[in-house]
Structures are given as C-alpha cells and as structure tokens.
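There are two complexes below, and they share subunit A, which is joined by subunit B in the first and by subunit C in the second.
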Partner chain A sequence: MRALSWLYLAAAYGFIFLPVIVLVTFSFQDGRLPVPPFKGVTLRWYAEIFADDRLMSALLNSLVVALGSSLVAVTLGFLAAFALARYVLPGSAWMRGLIAAPLTVSYLVIGLGLLMLFNQIGLPRSLWTVGIGHVVINLPLCFAIIYASMGAQQDAAERAARDLGASTSQVLILVTAPMLAPSIFAAFFLSVTFSWDEFIIAFLLARFEVTLPVEIWNMLRSGLNPKTNAIGSVVFLISIALVIALEFTVFRRRK
Partner chain B sequence: MHTTKTGWGLLAPALLWIVAFFTVPMALMVAVSLWSREKGKIVQTWDLGNYANFLEKSYFMQGLVNSLEITALVTIISVLLAYPLAWIIAEQVPARFRRLALILAILPFWTSYVVRSYSWLLVLGKGGIVNQTLLSIGLIAEPLEIASTRAATVIGFVHFFTMLLTLTIYANLVQLPPNYRRAAADLGASGLQTFRHVILPLTLPGIMVGAFLTFVLCIGDYITPQILGGNNELTLPQIIMLQIGRRADFPMASAIALILMSVVTVAYIACARWLRLERV
Partner chain C sequence: MTSSIAVENVTMCFDGFDALRDVSLEVGSGEYAVLLGPSGCGKSTLLSILGGFLAPTKGVVRLGGSDVTRVPPAKRATTTMFQDYALFPHMTLAENVAFGLRMRGISADIRRKRAAEMLALVGLPDDGAKKPHELSGGQRQRVALARALVVEPEALLLDEPLGALDLKLRRAMQDELKQIQQRIGTTFVHVTHDQEEAMAIADTIVVMNAGQIEDRGAPERVYNAPATSFSAGFMGEINMIEGTGDGSQVSTGLGHVPSTMTGNVQVAIRPEHMLAGGDVSLGHATVEEVAFFGTFCRVRLNTDAGTLFAHVSPAEAPETGTKVPLAAQTHQIKVFPS
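Here is the complex of A and B:
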C-alpha cells in the first residue's frame, strides 16, 4: 500500500510537472525549435524577450491593469461587505446575490456582453475597458472573501470606536481595515493574479495596447518558438516568487 | 444601530458597478439574441430565429455535443486522478511535508493560462517529447497525431483541473476527524469498507463543489480547445468566437452564449443540494 502510494505520487507529480519542465528546459534551447533533441544552453531567447518592446510594454500594461483593477475591486468589495455585514438593509440577501452573480457566468460571456455594451454606447476599446471588465470578475471574489471574514470580534471593536466618537470613515480606515488586513490582502492578491493571467476579456476588450496574455497569444500564431518558452518561464517564475512570498508572510502569520 | 443611509452609500459603488457592467450587458445580450444579422447588417427583428437556427444546424448542435462530451470526460478523469492524490497527501505523507507536498501538487497552477496550453503543445506535438520518446524506444513507427485532437484538449484540461480538484478534495479530507476512521475500524470495518461507507460519503460535498467548478470553467473555456484541439472539433466557446471574429454576427453569438449559460444553470440545479459552499 505504502509503495503503491509513493508510486502514484511520483506519477502524479510527473504528469503535473511535465509541461512546466519542458517549457523551462527548452527556453534555453540553442536552436530554432523548442522540441527535442536539446542542442545546448543559450540565454539568447531571454535576451530577445527583454529587448522586445511590444512584449515589455504588454508586460507593463498587464501589471498596470492588474494593480489598478484589483485596487478598485478590493475597495468596492470591502465597502459593500462592510455595508452588508454591519447595516440592516432591506433586501440584503438579494444584494449579496447580485454582487456575487458574475461568479456564475463564464468570462467569455461577460466579455461578449461588455463588448456589445461598449459598441452600443460608442466607448472605444482600450486598457480602460479591460480594467472595467476585470473589476467585474474580481469584485464578487473580493466581496465574498472579505464578507466571510467579518466577525463579531471586529464588530465589538467598531462599536467601541464609535462610542469614543469615531466617524464611519474613521472606523473603516482605522479599525475595520487593519483588523481585516489579512483577508483584504488575500483578496487583493488573488484579484491581481486573476487579472494578470486573464485572457479572453482582455482579448475582446483591448485594441491597440494589449496585455501580456494577449501578446503571448499573438506570438503563438507563428508556431512553436523558444522565445515563447522564455517569456512563459519568466511569467511562471514571477508567479512562483509571489506565491512563496505570500506563503511565508500572510498565511504563516494567520496560523 | 447606524443609519441605513450610510449603509446604502457604502454599498452603492459596488452595486452600481455590477448593474452597469454586468446586469445591463446581460440584458443587452438577451435583447441582441432576438435580433438577426441580414446582409451584413444587424436588424432588430425580435424573434427566436437564432435559437431555431441553433437547433436546426448540426454545426451548432455538434458544438454543444462536443462541449458536453469533453467537459464530462474531463470532470470524471480529473476527479479519479485527483482523489487518490489528495488522499495520499492527506493520509500517507508525513505531517511535516504535507503542506510542501500540497504546494508542489498545485505549483504549475501558477503558470500563465495561455502558456500552460502552449506547453502541452510542446509535449504532445509531432516533434514533441511524447512522440520522440515513443519513436526512440520503437513503440511506434510514425509520430502520433495527438495535438489538434480531442485527446490533446482533454489532457490539457485534465492537467489543470486535477490540480484544482486535489486542492478542494484535500481541504475536505483534512477536516475529517480521525475518530471516525478509528470507530469504523473498531466496529470491524475493513479499510475498503471504511472508505466506501465513511470517508467517501463525507468527502462527497468537496468532490461535488470541485466537479461543479470544473464543469463551469471547462465548458466556458476558449483557450485550451483552441490551442490544443485546433479547428477540427469545435466547442461552443470556439463557435462563439468565430461568430464574433469572422462574421461579426453578434445576435447569433449572443444566442449561443445564452444557451451556454443555461447549460451551466441546469448543471447547477442538478447538483445544488451538494453545493452548499459553507459545508466544505
């Protein structure tokens, strides 16, 4: 049983890591095709991606859209969670349902709807419209995460602050937000990774300036290319670094 | 209690955003699906022509069938692969390494979505690792056509969703009190009986949530079938993109998108009783 377990574990890890290993290995391929045989190690493709203006500006665009849209999503989600957790509002169950609704619809459908809306009202496609779309997909997530972590403990502290004369905005900024910092940060981080990696909405709603996944998609049209391996490896490395950083800061502290 | 007015004020921005950029586009989509595209122009016909068209043309119906078959296959295979993996990590791996084992199992989750499909193309393509290996050990004489087939799409999807399901099932397994297993053993149940009558029923909610997530994400995905499956067997998302891109037929695209949404809704209703998320 034990041996069988280890065998299964090894096979599963093999399957899970196979594409990543192939991706990273052949990003160093000294040749034009990222497939075997492996012809030797070169850093040429990494040099090429860092010299590629389109790719680098796409990377920057992705970063700006991810950070900007996540900031909006987490702020709106936080305020809405606070309102629904702390105030008695008529129809609050419906409001929760409405805010969570985009979670049940695929990104393609959300993107298509927004594309038609922007066409109707004559709003030109740009990174701004991509950002609007990314807030739509991330706001429900931020709301859900922050709402779930609002407990009685914060409520008591908020009441105490109010009794001492704090205004609503002071309570929000000085009491609630710091107490909920781990879940606010987790919501923000998840939101950034989703936006950073999102393809279909960015593809439908961007025009001249594109985000990184869309630019990588454009590169795929020219077929297999070690340059695509290189940019893919760089993106992977950045994500891994973020996850490890998060593991050692936020989640470690919460335990 | 604090004033209700402030509450509405705090809620308003989020609510307005969702209404303006989600509810309104969805309503617009329903309206547009009742229009049609005639001689290159969008006409507000207000009829069910696009839906009738969908049901009549085998091109569209085959897309629906392809989507459903691929999604069902992916969901089943992923659950079957992920369950043992989650179980081994939760039960067999020493506690010290458990978290590390779990993080490793979902690490490639963080590769970019587009890049992940591309990586499988490298593995499965004509000159890829799989074909080269099989050729060199003499198992096959000609390279297999794996890329641009349904098999490639399914492999790419299974890879992604096995990681996702391992996470949800693991979360469920570690919450089970060890006493249950001991109690079953004390009452004379064998390992297999304990699994069938105790562990499996208790982890069913986690499986169902994961399976539902898999279903929803898989059936709505464009990238994986487009990169790995190619254009031989189209799925609904691919057909929607073709309607938008090649033909600018927004009415037809809207109708198909709404059909896709209703399929997901049916699936949700079908497994609603297992999906109470707070139980996971």
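Here is the complex of A and C:
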C-alpha cells in the first residue's frame, strides 16, 4: 500500500515536471534537433540566445510590461478594494461583481475586445496596449486578493489613525498598505507571473515590439530548435525566481 | 487642556431603529464619567457620536461649549481608546504612541521625547522599540492609552477599555486608569457594562437603557437612591417586591412600607439591608440556603412575597432551616411605579 502511494506521488510529480525536465535537458543538446537521443552537453544554444538581439529585447519588453502593468493593476486593485470595503456606495455588490467579472472571461475574448476597441479609437498597437491588456486581466485578481484580506483589524486601526488626525491618503499609505503588505506583495508577484507568461493578448495587441512569449512563438514557426528550449529554460528560471521571491517576501512575513 | 463635553437632544436612528432617543448629557471638564448599561442600550453609539465616528440624526454635540456635531474625528479634539486597542501592528510602540504627533507635523526629536514620556506614564518606559505582538493584553491597553493621550485631547473616550482583560487585571487596570486621569486632569468618558468597574472608577455614573439615560449621579447616590427601577436593578443585586400604595403606605406580601405612592408599585430593597435590622418590620422568612462568597454570605429566603435574597457577613450567617426576622431602615427602601 505504502509503495503504491509513493508510486502515485512520483507519477503525479512526473506528470507535472517531465515536460519541463525534457525542455531543460534538450536545451543542452549538442545537435540540431531537441529530440532523443541526447548527443552531449553544450552551452552553444544559450550563447546564441544571449547574442540574439530580438530575443533579448523581447525579454526586456516582457519584463517592462510585466512589472509596469502589475504595478498599475495592484495600485488600482488596492484602491478599489479600499473603497468597496470601507465606504457604503450605491450598488457596491454590483460593483464588486463587475470588477471581478473579467476573471471568468477568456483571454482570447478580452484580447479581441481590446483589439477592436483600440482600432475604433485609433490607438496604435504597441507595448502600451499590451500593458493595458495585462492590467485588464490582472486588476480583478489583485482586487480579489486584497479585498479578501481587508478585515476588521485594519478597519479598527484605520479608525484609530483618523481619530489621531490622519487624512485618507495618510491612512492609506501609513496604515492600510503596510498592514496589507503580504497580500499586496502576493497580488503583485502573481500579476507579474501571469503577465510574464501571457501569450494571446500580447500576440493580438503588440505590433513591432513584442513580448517574449510572442517572440518564442515566432521562432517555433520555423521549426523545432534547441534554441527554443534554451529560451524556454530561461523563462522557466525567471518564473521560479519570482515564486521564490514571493515565498520569501510574503510567506516569511506571516510567521 | 481639558473641556466639558456634552450632547443636547441627540437622537440616532439606524434603519428605523432608534439607538438613542432624545438624549442630553453634560460631562464637566476634568470629570470621569462612566456610561453604564446592558449591551444594546446605546452607550457605545453615544460614545461614537462624541468621538465623531457617527453623526447624530438629530441634536448637537458640544466640546468646551462649541458645536462640533459635524466635525470629523481627525479634526475633533477628542481621542478614542478602542475596545480592541487598534494598535498599528507594523509600528514599534514608540511609533504607535507618536503617530498622532506625526499627523500634527511635530518634529521627530520632540515626537521621540513625548512618546518616551507617555510610555513612562503608563508604566512601559523601556519598551519603546517593541512591536505590539510582543505585548500582553494589559500592556497593549497601556500603549493604546498612551497613544490616545499624547496628543493632549480635550476629552478621552474609552470604549469598554478593560473588556478584553481577565478579572484580576481588569481590577488592577481600573485603579491605574483612575490614577492617570487624576494626574493629567483630562475629561474621561468610559463605556462599560460592568457595574463594579463603574463604581470603582467613576466620578459620575450615567445609567443607560433602551436608548435613554435612566439615571446620572455619583456612584453612592446611584447605588443607594437609584432614580428608576431599572437603575436599581442594574447597579447590583436587589429584591423587588410587588405592592399597592394608598398614598400613606404600600401594602406588600411582607407587610406595610411607608410611601406616598399610589397604585401598583415595586418595592426595592438591597440584599445587604434585608437582615441588618431597622424601623420597618418586614415579617419573617425561612432560610433555604446559605452560599459562601468570601466577604459575605448570600442567603436564600422563603418569604410570603416569594423567594428573596439577603447578604450578611459570614460571621452572622443564619443556619439553614431557621426562621429569621426581616427589617430595614426607611431610607433603605425605595418604591418605584411598576
């Protein structure tokens, strides 16, 4: 019985991580095709991707879009959560629902909708429009995470701060935001991760400057190549770094 | 600085429910007033109105004579000590205490000095660098007090400040609160449902029930000569006996009691006056049970007017099953319309 459960565990983790292991392994393939048999270890493909200006600028674009759109999404989500948690507004239940609603809409639909809207108002496609798209998908997430963590404890501390003479902006900066720091960081890092990996919206809304997932897709169109494995491994490495950063900043604080 | 604080004809409605009905109250400058009543009586609502967290539906709030009804808490010269203390968990104790000074734009040097003085006043002189989670409940309560007092409010409002503490600590802290209030001379308005706490601490007790003030006065007066039967019942244990008055005396199951009241009335006698003797004889009773409470014994009596209770000193406790005479002094017997 015990052996069986270990086997199940191994199978489950294998199912999750085997694709990643294969991807990373064949990024070191000393040959032209990232398929078995494994012919030996080389860092040639990594050298090539780091020398590839288009890939490197796409990587930089991705980082800028991820950090910028997440910052905006977290700020807007925080302000919306504060307003809906602390003030009696007409139809707050509806507003809460409306803000969270995009979570249920597919990225493809959001991307198409934005594409049509930007065409209509004459806004040219660029990294800015990709950023706007990523704010649209991450704002509901940031709102939901931060809203859920606003409890009576912050409410009481905010009242005390006001009683001692703090204005609303002072309450937000000095009391609410620091008390909610763990969930604000969690929302920020999740947003960065989602934006970093996001393909469809970035594909639809970008034009000359593209993000990394779009550039990788461009590379894939010309066939399999260990270079795609190498850049995929770099993406994976950065995602892992984000998760570790999340672990250290957010979950450590809770202890 | 300290000021009187007052409400005039304040009514507070919440969705058709009247939490306060036409309440007027003045607390004098430097006075320690305690709002006492059961939960739901409106005492916390009244405190929120005094602090500016609620605007009354009708009526006026005055601080030192000027109308502050529409002044928000941040601009009002009162501070509140909240029930759960509401300390800022991400700040040190010194930063917590100095917060109000920081909001007033006072320089960091002076803030540090004043915060240290306040922490010393409340008995935590060496703990300025600690965070709130390192403290016990009683210590947090002291920090909350220091934080509210450092800005030198004209009146300090305390919302069940001792409610979260265990009984022993509560009794110790109530003495300390009273001492600090006497030392700094600020007007204190304190909300509680604990009548022992109210009697120990207050210059003036304000008894509230169902959105109205039932009684207001010094603890001794409110205890010994309550204005209403509710006030009598809430300020400690009391025996209530049904009776009928004819204008010169009241007839009860225990005999006649002098009173000018007419019609159906309730006669109220504190348990410590039942067996102590006096000029008004109340017949005899059978002792059913004697329970020991340390400083006194509580005696259950079977009388012609039903079951009543008496408190006597343990040395004078009667034997179970014996018959004892009941009597009280005229001034110890209160008669209320029923």
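Following the convention adopted for this analysis, the second predicted complex is superposed on the first by the 251 of 255 C-alpha atoms of A that agree within 3 Å, B and C clash if a C-alpha of one lies under 4 Å from a C-alpha of the other, contacts with A are read in each partner's own complex, and residues count from 1 in each chain.
Following the convention adopted for this analysis, a contact is a pair of C-beta atoms (placed from the backbone, for glycine too) under 8 Å apart; a residue touches a chain by one contact, two chains touch by 3 or more.
From a predicted model like this one, the values you see are computed outputs, not experimental measurements.
Colleague: Given the touch rule stated above, what does A:175 touch, subunit B (first), subunit C (second), both, or neither?
Modeller: So A:175 only meets subunit C here.
Colleague: Tell me which touches more residues of subunit A here: subunit C or subunit B.
Modeller: So, of the two partners, B touches more residues of subunit A.
Colleague: Would you sort A:164 into first (subunit B), second (subunit C), both or neither based on which partner it touches?
Modeller: A:164 contacts subunit C only, not subunit B.
Colleague: Go through the superposed model and pick first if A:185 touches only subunit B, second if only subunit C, both, or neither.
Modeller: Neither subunit B nor subunit C is touched by A:185.
Colleague: Determine, under the contact definition given at the top, whether A:156 touches first (subunit B), second (subunit C), both, or neither.
Modeller: A:156 sits against subunit C, while subunit B stays out of touch.
Colleague: What is the shared patch of subunit A, the residues that subunit B and subunit C both contact?
Modeller: 162
Colleague: Spell out the part of subunit C that touches subunit A in their complex, as residue ranges.
Modeller: The touching residues are 51-53, 72-75, 78-80, 82, 84, 86-90, 99-100, 103-104, 147-148, 151.
Colleague: Taking the complex as given, what residues does subunit A use to touch subunit B?
Modeller: 2, 5-6, 8-9, 12-13, 15-20, 22-23, 26, 33-37, 76-77, 79-80, 82-84, 86-89, 95, 98-99, 101-102, 104-110, 112-117, 120, 132-133, 135-136, 139-140, 143, 162, 168, 193, 197-200, 204, 212-213, 216-217, 220, 224, 228-229, 231-232, 235-236, 239-240, 242-243, 247
Colleague: Mind pulling up the subunit B residues that touch subunit A in the complex?
Modeller: 1-2, 4, 6-11, 13-15, 17-19, 21-26, 28-29, 32, 81, 84-85, 88-89, 92-93, 101, 103-105, 107-108, 110-116, 118-123, 125, 127-129, 132, 159, 162-163, 216-217, 219-223, 227, 237, 240-241, 244, 250, 253-254, 257, 260-261, 264-265, 268
Colleague: Spell out the residues on subunit A that touch subunit C in their complex, using ranges where they run on.
Modeller: 153, 156-157, 159-167, 170, 174-175, 178-179, 181
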